[in-house]
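Two complexes are shown next, each including subunit A; its partner changes from subunit B in the first to subunit C in the second.
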Partner chain A sequence: MSEYLLQMTGIDKRFGGVHALDNVNFAVRPGKVMCLAGENGCGKSTLVKIISGVYTRDAGEITFEGQPIHHITPAEATRLGIQVIYQDLSIFPNLTVMENLAINSEITAGRKIVNRKRWEQTAREALSKIGYDIDLYAKMGDLSVADKQLVAICRALLFNAKLIIMDEPTTALTKKEVDALFKTVRQLRDSGIAIMFISHKTEEIFEISDDVCIMRNGKNVYSGETKDLTKRDFTFYMTGRELVDDYFVPTNISEKPVLQVEHLTWKGKYEDVSFDLRKGEILGITGLLGSGRTELALSLFGLGKVDGGTIALNGKPVKITSPIQAQKLRIGYVPEDRLTEGLCLRQPIADNIMLSSLKQLTRALGTIRHDELFDKSNEWVSKFSIATDDAHKHASTLSGGNQQKIVLSKWLNNDLDVLILNGPTVGVDIGAKQDIHALVHELANQGLAVIIISDDLAEVVVNCNRVIVMKDGRLVGEMTGDRITEDNILDIIR
Partner chain B sequence: MNTAKLKRMTRRTEFYMLIVLILLIALVQVRSGGKLIALPGVFTRLNVTVLRTMVVDGMFAMCSLVVMISGGFDLSFPAIAALSYSLTTTLCLNNGWCQSSPIAGLLLAMAIGWVLGMLNGWIISNFKLNTMIVTLGTQTFFTGISMGLLKLKEITSTLPEGFKAFGKLYIFESADPASGIRFTLSAMVLFLIALCAIVSFILNKTMFGRALYAIGGNEVSAERAGYNVKRTKFLLYSAVGALAGFIGMIRVCMESQSIPKAMVGKEMTIIPAVILGGASIYGGEGTVFGTVVAVGIISLVSNSMLILGIDTYWQQFFNGLVILVGVTVSALQAKRQKH
Partner chain C sequence: MKPKTLEKHSYTFMLLGLMAVVLLFFTVLKGAMLWKGDVWLGIAMQFPEYGVVTLGLMFCFICGKMDMSFMALGDFATIMAVQYMAAHADSPAGGVILVGILIALGIAVVGGLINGLLVSELDIPPVMATIAMQLVWTGLSVALTSGNTVKGLPALYTEIGHKYLLGFLPVPLLIFLLIFALCWFLLNHTVYGEKLYMVGTNIKAAQFSAINTKRMVVGTYVLCDVICCIGCLLMVNTMASAKADYGTSYVMRCILILVLAGVLPDGGMGKIGNVLIAIVTIQIIATGVNMFPNLNTYYASLIWGGLLLVVLVLNTRMGQGGLFGLKLPRAKKA
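The block that comes next holds the complex of A and B.
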């Protein structure tokens, strides 16, 4: 018997003209956590679907526990002990925890009649596998994402799983929940189960995995033990380019502040916050979850309350009571996820860019001047070097990074003075992250005042020329230039 | 544990519907001067009328319920029922069948409904189309067959005797103490009770029933869990077709007439009732109990509007209100589940 539980050699798969998997070699050791890493669209999910029997391979060999496997069907994969926990967890939100746990094995056993007693027994057995306790009669949809995930894991364990594949399991989890999940993953690993962990988050991969396989454009570009890999190499393999942290160098800071905040207070959220912001600056606001950082931004955009203190724009005091008013005052706010989700993928690129500024393009009766729409959007296409030959094409034809450029141009169309970005790169690939950062630097140096709100300290350090730190609703520190380091920020937060 | 159970119960639509029904019964009872429930005989002229209305609506509601649980909408079941019974009665009349027993006619109507339902099932499961659009299409198509292609006519006094006699069967007979007019409780109520029991058993005790909930909850997950979603849907829509044919025939027997156009728009009163009874418009939710209670509420209101001092013109208004309340509650619940 080989040292590998699952071994795949020379796997090839084409979809029409697309070479989704090109001679991929891949192996998983029993009792180890193997990370399958790669940016979106690199072929990770295709590979998983071949292992789980959803797709058939065009070429290549697969052995499981030393036995060659010629044809895998989903049922065969289950019989072998391969379980996939998909990103959506494949749960039934309308059914109870008990049913969610037992239904798969009942179907597999070919049962026709429901026996509640047996279901409950199966469910309890599943929970006992990882010593997890939860109300069996609770409705699945009422649980937290972390609990849903544990239920999905327990369910997979019912099938005497030898290999559990987890597809981006940490996406919707908080840091604390991720830690709890990792604890469970280690527990499973120590009991001899192989875990295949799909992710694109560098930190997590280095924390949890023993082995790593990195894919790019349908090829595996690295496989080996995680400890032999540096984070720098990892990034290189992921993106195919040498990414160096491009620190923001402000070149165009205005003399007078564009935004002045004095003793701003939202009772119960934050208190007595004062800072100013000049054009050409990127100001970082950081702090733990619940420190008041997001609420502060909401107040500046008219979505939060102001109980005391003043806000002044270009020296004039203003009261911001609604987002519409904030936009009129040339303040823009991009909430979390918006850079990835604020797109109509099946609409032309041009329409997406101009979506929030159509008012500038309407004739008397509200009809749209299409020529101008394309002229204007083409300006943005060239300004941000969005990789497309025709703005009539759908937004879905673009890569993730380019899509995010569209979202940014959409906001910037409205001639902003202040742009507030809340968690601008949450859930974004490393490569695309770099692109967004470069873009923000460029915007700042063109004279925009930018606020980045983030708890990703590395992001704050690289991108901001000034950082203010919040803790428990109060401003507890401010640093500039070389003083901005992760350690310095952590000292204040802790 | 007990408080948890209580909490779960109070979160269910059925629970509130039951309270509404009880209040409504009390109200009608008081306003009618004790005409709804009269001890010791229990049955009164009013309540047997309500029960009679509930037979066909309640059984149709079961068709709609099972489809909605699976996450679909069937707009075509009244059209299936109409085509099935119109064709059956015409054939029976022309060939002199069913003069003494209705059984052949009932089976024939079921068979026709089954074939029509299979068409729905085949289109829906094979082409993975939106069920509402498909059944809107087949509804019109089936009505077209009945009216245009076959030119099926109304059959009233010439209806085969077997059907008439069957429809007149009753399980209880009494006379109104005031007027002395005789009234009966139709034996067809037994079909409603039996159907409710069967559907409840299928939904709760069989893997097929759980498949409907699973598919309605998350179709992709159901497929991954090992359910044959395609086959399940095909079976569901063909069974609903057969059932619709049967129910239509029961209605013909009860009314002693077969009118091809009688079913037009029926789905628009049945579906809201099912939603009011706790079935989710997004699928995955719904119970037989809740549906029966909701149908009871609607039948009670429509039969006691005069007693409650409401002009019958308000019927439409009430139906509209039911749709709005039911759909809003259903949507709000689905929203709560997401967050």
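The block that comes next holds the complex of A and C.
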């Protein structure tokens, strides 16, 4: 048997014109934790899907336990002992823990009749593998993310997994939960199971992994042992450049706040949140997934509820009940999920840019000025150097960064006092990311009040002159200037 | 022609090609029978009624919604209108007809409002909501008429419907053309049309862009049902009566036409020009099939159902990766 459990050489995959994986080589050793690292969109997920049999590779060789594997299907991968725990965990939220654990093996065994005793036995066996204790009859949907994850791990172990792949498992976990997860991961590793851990968080990767493989633009740019790598090198391999952080320097902060939020509450989502915002500021709101950060933004944009507290704009109390009203109050919002909330992908770039400012294009009898729609959107295309030769092309033809520039232009084409950006650079390549940051700095210094909501701490640190931290629906910390560092934020979050 | 223009209109050319194939098919089988003047006059007389209905339904489809109730609603509205007109047969016909039409359109507005509110305010899936409304309207019609035909229209109503403008343009065709022009203008030259395509493509993104999506959905259902009702009023003209199930057989035909024209209920796509070509093509098929005395009307459902299936399969294939190098026009400006 070779030294490696899984070895992949010269893997190539294309989707139409996109070269998603370009001659990728890497290997996983048994009983080790291997980290697959890379920025969003670098090809990590594609690679995982090739291993798990969801996609078929165009070229390259895969060997598992020394045996060459020509064609993998998801069933074949399971048989070999490869288990993937996806970010959504693929659980049934409406079923109990027991049912979630037992259902796969029941189906694989082709059983048609439910035997509660046998189900319970299977479930207990699964939990005992990592010595994890939980109510078997609890509903899966009621568990915390961390518990769900552990159940998913137990389920994977039922299939005699030799390789467990975890896709960004720590995204929604608190520090404590991450520690618990890592304990389990080490335990599995020591029992001889290989773990492939997918992440882009530097700290975690250095904490947990033995080996690391870094990908960038579909190529693997580094693979080797983690201890041979410094954090500085790691960042360089991840991003492909020595990052010169261009910190935001506010030059134009107004005296009076433009937005004042006091004791704002949306029951069950967030409670008693107060802050104010001045023109020329970039305020960061950060916190884990589920901390209430997005819901807070939705309330400010008229899409969330307000159960208590007040919002005041330029000193006047306001009620924001719809995006239409938010727009009238000169508030713009760039949503979290660009593809489902930000863009009409199957429509032209130009129409997307002008979507929130159709009033400007209205003539008598409700007719539309097509010429102006096109001219105006072309101004934005050239101003933001959106990479297209024709604004009549569909928004779907663009990359993530350019799409985000469309969503930004859509709102900047309105006269705004407050611009809320939720995850402005998620899935955006590094070049476009810097463009967007520079643009936001410029806007703030021209007198716009900006809120950046993000869990990308580096982004918050570099771009904000003030940061508030949310946890479990409450505001738990605020910092300004030099006090804003990743470590300080992490201390509060975790 | 520039290759780009060719590509831009490839779907239109395909539809025209299909129309040519259909014409050739019936010409080969029936020879000169197809090319008589009165056959074409018949075609021009027949398609306006469901053509108008199809134009109404088109708005719903572009908005990404579905309406199954449009014909049942139209039948009910026209029954009420005809009953009114019949009951006031001794008053001056002109005024009675006008009031009757207004009654029908008023009911259509109410029906559209109900559909729109069910879908946008209560978030009921459009197909479910409108099937329920279809049953309600049909139920009301049957209860009111015991399922019988409602007659007693003022003679003037059918007389107008059988007049020719300038001696060659049948009035129903004229009405169809007027409504076609209006719809074309709405879709291509108004802010409403612009919003409609965007809302149909991604209603959530439209909402996040400060568009009043609820008002768009409700308004579109009202527009759809009012235009459909105008189609039903033309049908009353043909039949000189109203009945609870006159429109039923047209439901599938209207959906078939839209799907054939590339106006899929997924929303945000399709061009009105293609709808016109599809309407005429379908009418040629209907007329052609009628020339075979052995193929009686009982086969009609089979033919329309089979055609719908074929078109759906082809359209899905084209959506997924193209068929014969053709692609569905994914947006109005594709």
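We take it that the second predicted complex is superposed on the first by the 290 of 494 C-alpha atoms of A that agree within 3 Å, B and C clash if a C-alpha of one lies under 4 Å from a C-alpha of the other, contacts with A are read in each partner's own complex, and residues count from 1 in each chain.
In this text, a residue touches a chain if its C-beta (ideal position, glycine included) is under 8 Å from a C-beta of that chain, and two chains touch if they have at least 3 such contacts.
Just so it is clear, the structure is predicted and the values come from calculations on it, not from any experiment.
Peer 1: Between subunit B (first) and subunit C (second), which, if any, makes contact with A:N94: first, second, both or neither?
Peer 2: first
Peer 1: I'd like to know which partner A:Y137 touches here: subunit B for first, subunit C for second, both or neither.
Peer 2: first
Peer 1: In this superposition, which partner touches a larger number of subunit A residues, subunit B or subunit C?
Peer 2: C
Peer 1: Contacts for A:A59 in the overlay, against subunit B (first) and subunit C (second): which applies, first, second, both or neither?
Peer 2: Once the two structures are laid over each other on A, A:A59 reaches no partner at all.
Peer 1: For A:A387, is the partner it touches subunit B (first), subunit C (second), both, or none of the two (neither)?
Peer 2: Neither partner.
Peer 1: If we overlay the two complexes on their shared chain A, which of subunit B and subunit C does A:L289 touch? Say first, second, both or neither.
Peer 2: Touch status of A:L289: no partner.
Peer 1: Answer with first, second, both or neither: which of subunit B and subunit C does A:A458 touch in the superposed model?
Peer 2: The answer is neither, since A:A458 touches no partner chain.
Peer 1: Common interface residues of subunit A with subunit B and subunit C?
Peer 2: Common to the two interfaces on subunit A: nothing.
Peer 1: Mind pulling up the subunit A residues that touch subunit B in the complex?
Peer 2: 74-75, 86, 88, 90-95, 99, 103-104, 106-108, 111-114, 135, 137, 139, 141-142
Peer 1: Under the definition above, what is the set of subunit C residues touching subunit A in their complex?
Peer 2: Touch list, subunit C to subunit A: 189-195, 197-198, 201-202, 204-212, 268-269, 330-331, 333-334.
Peer 1: Mind pulling up the subunit A residues that touch subunit C in the complex?
Peer 2: For subunit A paired with subunit C, touching residues are 301, 303, 322-324, 326-327, 333, 335, 340-348, 351-352, 355-356, 358, 361-362, 365-368, 370, 373, 392, 394, 410.
Peer 1: Can you name the residues of subunit B that touch subunit A in the complex?
Peer 2: Going through subunit B, the ones touching subunit A are 4-5, 8, 204-210, 213-214, 216-218, 220-222, 224-227, 280, 283-285, 337-338.
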